[in-house]
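Given below, in the form of structure tokens, are the structures.
In what follows, chain A forms one complex with chain B and a second complex with chain C.
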Partner chain A sequence: MTVLARQDGRTDPPAAGGIRARRPLFTARGREAVAGWLMSAPVIVLLLVFLVAPIAMAAWVSVSDWNGIGSPFASGVHAVGGRNYAALLTQPGLPQQQLGESLRNNLYYVIIVVPVQTALALGLALIVSRKRLAGRGFFRTSYYFPSMTSSVAVSILFLYIFGTAGVLNAIIGDLGGQGPNWLDDPNGVLHIVLSGLGVTTAPGALANHGFLGVSWWDWLAGPSVAMIAIIALAIWTTAGTFMLIFLPAIYAIPSDITEAATMDGANAWQRFRRITLPMLRPALFLVLTLGLISTWQVFDQIYLMSQGNPAGTTLTPAFLSYLTSFQDQQWGQGAAIAFILFALIVVLTIAQRLIISERRAGRAS
Partner chain B sequence: MRSKFAIAALAAAGLAVLSTACSSGNGFGSSSASSAAAATPNKSALTLMFGSSGTAETAAVQQAAKAFTKQSGIPVQVIAASNLTQQVAQGFSGGTPPNVFYLDPLTFQNYAKDGVLDAYPSTLPNSSDFASALSQAFTYKSTFTCEPKDASTLALYVNTTDWQQAGLGAPPSNWSQLEADAKKLTTGGRAGLTIDQTHSGIDEFLYQNGGTVTNAAGTKVELDSSQNVAALTFLKGMLNQGIMKFPSQVGAGFSGQAFGENKAAMDIIGNWENGELESDYPNVKFKVYPLPAGPSGTHATLSFTNCWGVPKQQSNLAGAVDLVKFLTTSQQEMTFSKAFGVIPSLNTAQAQYVKTYPQYATFVQELAYAHPDIAIAGSTQALSAFDSALQQLGSGNPASILKTAQQNLQAVINQGA
Partner chain C sequence: MRRYFSKRRRLVNRTLLYLALVLFAVIYVYPFLLDIGTAFKTESDAAAHPLSPIPQHWVVTAFTELEQQDFVRWLANSVVVAVFVTLGRLVFDSMAGYALARLRFRGRGGLFAAIIAVMAVPSVVLLIPTFLVLKEMNLFNTYPGMILPLVTDAAGVFIMRQFFLTVPPGIEEAAKIDGAGIFRTYWSVVLPMARPALITLMILSFQGSWNNFSMILVAHSSPSLDTLTTGVGRLVSGQLGAGSQYPLQLAAALAMTIPVAIIFFVFQKYIMRTGEGAIKE
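Now for the complex of A and B:
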């Protein structure tokens, strides 16, 4: 069939062009399209098998009563509609409260980690990209080192640093202070600050109302002391990776623009603010998006360092989904948590895109 | 238009490939092995999956498996799981669970509820040779379903050096003596008593005060009783006096570490502490006593155990039950005991254990009035929320801690029912 068509295509007089246009599959471009699809077919099949199908299966599990035994498509598994989602979103109880707490914990994690790691990565990239810095290669490698090291090794290292009798507390002790029980301290940082100011009990308006089973007072607790240790780890490990994204973007800025600005009398800060930063916007968008997605999915550090303890203040939705599924065998609810997290990340990423592109459009006009 | 059609076609083709792969492969298909096929004895290899406490336990289990193979001709693959609960769950969802595996009481409830465990004990001769606290932990709807492999109880560890320095005599036999002794043992840098800040370290006080955790049938949570409130108030009092401290207050990961480092002179903990003291704190001189009784003279402790889980749907059910039979002889249990320090689960083996280790006889004697640690299907997170609240007992309100835990656990039971 194809062969015939191809012969047709070659031998047809130009007058038959109209017919060819109606049968685009047989034109040269059409043939290219077929070849393109054929060549990308293996990847598409792989994506279907390893990406689309598992997501579809998880979506099914999230609306089913699958108990983790045998196939989720077996005859004994029933659809239960939105029951798993309702238990998490609308019915007061422990599942809802834990989802609320995990979202709160992760929110503070994201709010601190994303800006700090982005700023740090940008700062490191700017330093390392300086032409006059001696041993640039050494610094570039050493800043990138934490990202290459396995997260297990890094997590265990941080367990020693933040232990009660660990390195950090030894240093604080030498300076005459007394460090906290880092990984065992469930107190929120903002609550600690407030109690320092003399506010120890919640005002009734905050204590008696809340969202997702967590009172507003507890939403405002801030990250726990234990979470601060994990936040420090996350920033330390990922800043180097994102530095690597900023570096080529900085190198790509034409030096004549900077020179022209210098000639016009711009100082270093003005050059950074008016030239470097705007030209880095695509890289900045990439770093922010990747950071936002990965911080909302934080799992391995939690699994290795705290398992959600102390008092559930390092619980994150991803780890909660794991616990609900594997420990309590509530597979439907565990999958539902994963999809709620998925929806949240999609919404936040779209919002971020809109904000950044809007700003860009505003600048252009 | 055209490309949309092509995408749809490819997607359809991909899904078709996928669905055939799923239905024909054994990845997600239901297991083809039926219990009828398994009833006939066969020599197909068994998998034994367990969570190891260390190299001594791994070596002992491997050795036992080898001895079984020699006797029966059935090869056994021993897998020391790094995360047992997760790996067993993966096995069940893939339709190929391990033939025999260690199973904790809480996960037991999950699987028993799903009806995937073989209730083999009735076919074995030793099924009545267990203390009731142990068999009760693995009884689902009045069927004893899984044989315990070991036993542990909580007891009172006393640092004898501290004890003599404080000039104390007989060990405390009731709560008021416990409190008085803790007060005398407390010094500037050392608490008199430490206990673990979890339900597994605290619930024995509820039972000692005549309280309970659930009703006998396990259908109703009874945590918020006045006896339980009084028990937690007693503990809170000792915390506030500074004569009892939770391990995290003295910078220890668990109470046994605080005891080993002599940040506390007494500790209520299970017999796994023996190995800890032996390997990490060999210079600590200690003695083990039964727990003091509550105000009304009630003796109680908590018991902990794991069992040999055997899935109903599997490749060699008869072989798996034979393996469990081999592993639960008095002789084999004593071998395990000598290798890595566990207390045997069989009454007959315990009699030998008490003779060999008279200093640890307390743990076995306490089994007579032990209550199994709470195990309700799907309650892991409700329990960890309870633990979080107990951690704040010093500043918290005992009644509201118990009330919240009561509601959360009852919700778990209601959801499962």
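Now for the complex of A and C:
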């Protein structure tokens, strides 16, 4: 942010008088202004055509009855107000239930992936930042490499690992157990635990009431066994990316502070808790924000590994919006889901920012 | 006594540390070894020995099958998309970044704020909108339709601008005094100095477009425009191949990873720039 401040300091001096106003092209300042706009022009045009216009168009489609045939601006297409949003948010029915399920699935995905990948990334970064560590470069490279590979290649790898006769089940078999049919198992992990405790049917209070077309009992299902495989993939792939964000922050901690603390008798845990962690706060905030934003957008892996199956337990809002539009040709509803997801991500990011800054203010006072 | 204990404890700690490191290295490296090995296995071998990275008989059946699946065309399309996206971003982002960092013009602050705002738009939200615009502009099922949405990139502009802010303005001013125009100064004086930032942007753009799946997916429907990601993706999600052809799929995964692996190892010092050099021992 220091760089931003520097730019702000270089504000334009006040206009130099009438000559410049009359013949801007012939003064140095005028030429600079023209060059500035010319050099930014390609990016501005691209952003307008492939970002602003598309969003505006999708906003129109989300309040229209366009069925995918012809142009959405053709005369046969009508505005339907908030009908598409209502079908998703307030009216009981399949669209609402699917959105509810996709939000539940993605919520469990976020709740598990974000903390685990952050902790793993921090742990890996702390280990590989040690000064005296044999093979440091090798470890770093191997943890980071999955971040460079495509979601398609990684999905193939995890389909093989989590296949019924795959790598993981072979390991479980060698240990004397029998692994599940990972990607075909729609049972929620929490439901499995509960049935292990003897609770196999839902209490009426939970089964008969719900939210967004999904009963409270089903909200509490936990991620399905199939979703666990996709969660594992996400953690494995992104921990290395975030490790790379933590590393410079760790190197920026002055070593004399840690040394002084050691002299004062602080043990490793105290040093981590009282020095390292507070100094890593900005990096931690960045990693949590990026993690939160990207986990709500999971699409590729769902498309490639499960297509939302089994029994809709790996459906996510991003994939649902794709299916609704491209497969069911319900373009209005598909676009509406995309905007609901957009709003959700924006709200969560702001909320996270507020919570963290409030906590910081509370500590300072 | 105390010293003895602490020495022993340190040894235990060190052993635990290395055990953890090796465990994680196995979790991270072994899947890739399995990938390489299984790509050269027969299907029955892959099914019978999923844990062994070494084939019982080395075969290249998977690769010859891949070739019959139009793999070469996918590869060519991937190259076309990645090269044009990378070139486009390098040229456009560096120009805009320079203008935003160095040239004084009315509206610059607003433009920069807009670019920051654009960076916050989640990419997955753009899938349907991009499809709509490509259809409307008759760019659906064309190369420009697959390339231009990926060239559109605010983060690259931001990276280049931040870099140009760190370059001392003295050299440009000298060029200006010598009578060089703004474009000439930019092209022959500023750009050569921006090599590190350009390389970073090049890696990000190449890797991002080579690996992109979702944007390419919504930009075409014709199989002849499939890139490696969408072509292999179709293969995996069951539209082309039936059953679990593990060697074939893993061979495809392996082949599409090789170019990014090369970029990764060649430019490792740019990618893994972690500020390590800054520490004082």
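Please note the rule applied: the second predicted complex is superposed on the first by the 320 of 365 C-alpha atoms of A that agree within 3 Å, B and C clash if a C-alpha of one lies under 4 Å from a C-alpha of the other, contacts with A are read in each partner's own complex, and residues count from 1 in each chain.
In this section, contacts are C-beta pairs under 8 Å (C-beta built on N, C-alpha and C of every residue); 3 or more make two chains touch, one makes a residue touch a chain.
Quick caveat, the model's predicted, so the values are computed rather than measured.
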Q: Using the touch definition from the top, say if A:Ser71 reaches chain B (first), chain C (second), both or neither.
A: both
Q.
Taking the superposition on A as described, I'd like to know which of chain B and chain C A:Met39 touches: first, second, both or neither.
A. second
**Q.** Which superposed partner A:Ser142 touches (first chain B, second chain C, both, neither)
**A.** second
Q.
Touch test for A:Leu94: chain B only (first), chain C only (second), both, or neither?
A. first
Q) By residue count, is chain A touched more by chain B or by chain C? A) C
**Q.** First (chain B), second (chain C), both or neither touched by A:Thr238
**A.** neither
Q. In the superposed arrangement, does A:Ala165 touch chain B (first), chain C (second), both or neither?
A. both
Q: Scan A:Ala53 for contacts with chain B and chain C and give back first, second, both or neither.
A: both
Q: Mind working out whether A:Asp328 is in touch with chain B, chain C, both or neither, as first, second, both or neither?
A: first
Q) If you lay the two complexes on top of each other, which residues of chain A touch chain B in one and chain C in the other? A) 33, 37, 44, 49, 53, 71-73, 165, 325-326
(Q) Can you tell me which positions in chain C touch chain A when the two form their complex? (A) 17, 20-21, 24-25, 27-29, 31-32, 34-35, 38, 47, 50-51, 91-93, 95-96, 98-101, 103-108, 111-112, 114-115, 118, 120-133, 135-137, 148-149, 151-152, 154, 157, 162, 165-166, 181-183, 186, 207, 210-211, 213-214, 217-218, 228-229, 232-233, 236-237, 244, 246, 249-250, 252-254, 256-257, 260-261, 263-264, 268, 271-272, 274-276, 278-281
Q: Going by the contact rule at the top, pick out the chain B residues touching chain A in the complex.
A: 2-3, 6, 10-11, 14-15, 17-18, 21-22, 28-31, 85-86, 89, 92-93, 95, 110, 114, 116, 248, 251-252, 377-382, 384-385, 388-389, 391-392, 408, 411-412, 415
Q | Complex contact set, residues of chain A against chain C | A | 3, 6-7, 10, 12, 29, 31-37, 39-40, 42-44, 46-47, 49-51, 53-55, 57-58, 61, 71-73, 124, 127, 131, 133, 135, 138-146, 148-157, 159-161, 163, 165-167, 170-171, 174, 236, 240, 244, 247-248, 251-252, 255, 293, 296-297, 299-300, 303-304, 307, 318, 321-322, 325-326, 331, 334-335, 338-339, 341-342, 345-346, 349
Q. In their complex, what parts of chain A are in touch with chain B?
A. 24-25, 33, 37, 41, 44-45, 48-49, 52-53, 67-74, 87, 93-95, 97-98, 164-165, 181, 184, 186, 308-312, 323-330
